[in-house]
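Shown below is the structure under consideration.
Here the chain labels run A, B, C, D, E and F in written order, and each chain numbers its own residues starting at 1.
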């Protein structure tokens, strides 16, 4: 599957924390840790676990720019 | 200003392309280029231009995880 | 690639309209037409065109519920 | 109320699962089940329950396109 | 129609600026101007124009918090 | 830090409710209460608590317009 989302950052999962319905998945992408808030179901379906290779995917319209 | 968004990826702007109302800003964050789709006004207000230091900011709930 | 997004609606593209930077892609999913606002670049990279099989992908946290 | 969101998919709620703060609501839209992640409060205020007629509402800028 | 989105801010439209595909609509909500980036089509369908009463609608998961 | 997000609504936090992973923060902006769904971690990092001055930040592409 190829997706229109412009940002697909390859990395490795470093933490998976499930809540009641929402999970937080942390993925190391080149030394920076990115946090994703996804459903518990997605965690189960994709069998996400620390150490797995995975990508953080973000639609361009969900990226903001900040300057100092 | 400190923001609740979990993901603030520091980098350098490599391209700014304004459209009729929406601009695309590309920022190199550690060798990976992230694309942001923001308003032309934000580009003007923050005076975004190639070469500037800037960060890509993404709320955790806007990050998905993909696996091969 | 498998993605954490919960909603992957299979269909057929019925219209692609590119703007200055942002394109609108319409996809018929089982008789209902879904509109996606994506970058022109994504349209080019995925070579999106009317008649193609494609899916509309939506993260669960981007879905609202409305009642009459 | 009429809303600017381009995608209003009519269907019937098939599951409501409340978490600590976030609920997952599943709605059958023409044979496809769409998952929405919304607040528990919205579930209470709209009295969402299985069997109810409801719509899944998605802003066009939150829809991605995927191809095989 | 009642919607699950937690934030419905009533106000008056002060500006509508259409681009090639994406429009920017500004709405004064109690003295603060909120900017919405929506499709040109939504502008046409809802006949949005300066002076109209309207609401800015935002899903809770799209709101961030910032502190000084 | 200056951010591209067009909407920064100043106010005062009136409620912070943490869930298992996701918190709901309510902020009074000029008499209207805005609800934000953010991570528990952001609440901890920014030490968000009732009575604090804070802003609700929303990207323009996450704002919809509704009319009666």
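Rule of thumb we're sticking to: a residue touches a chain if its C-beta (ideal position, glycine included) is under 8 Å from a C-beta of that chain, and two chains touch if they have at least 3 such contacts.
Keep in mind the model is a prediction, meaning the values are calculated, not measured.
Taking the definition of touch as given, a chain qualifies here only if it contacts subunit A and subunit C alike; those chains are B, D. Listed candidates were E-F, A-C or C-E; the one reproducing the A-D interface, defined as more than half of contact pairs identical by residue number, is C-E.
On a Cα centroid basis, the chain most remote from subunit A in this structure is E.
Shared residue numbers account for over half of those found at the interface formed by subunit C and subunit D, and the copies are therefore classed as meeting with the same residues. Comparing the centres of all chains, each the average of its CA atoms, the largest separation from subunit F belongs to C. Averaged Cα coordinates give subunit B a centre that lies 29 Å from the centre of subunit D. Between the Cα centres of subunit B and subunit C there is a gap of 22 Å. Subunit B and subunit F have centres, each the mean of its CA atoms, that are 21 Å apart.
Shared interface positions of subunit C, defined as residues touching 2 or more other chains, are 1-6, 19-22, 24, 35-39, 41-42, 46, 48, 55, 57, 59-62, 64-68. In summary, the structure contains touching chain pairs A-B, A-C, A-D, A-F, B-C, B-E, B-F, C-D, C-E, D-E, D-F, E-F. Put simply, subunit D touches subunit E in their complex at residues 1-6, 25, 36-39, 41-43, 45-46, 48, 55, 57, 59-61.
Chain contact summary for the complex, subunit D toward subunit A: residues 17-24, 35, 37, 61-62, 64-68.
Per the touch definition, subunit C reaches subunit D in the complex via residues 3, 5-9, 13, 24-25, 27, 29-32, 34-38, 42, 46, 48, 52-68. Interface of subunit C with subunit B (complex): residues 1-5, 19-22, 39, 41, 59, 61.
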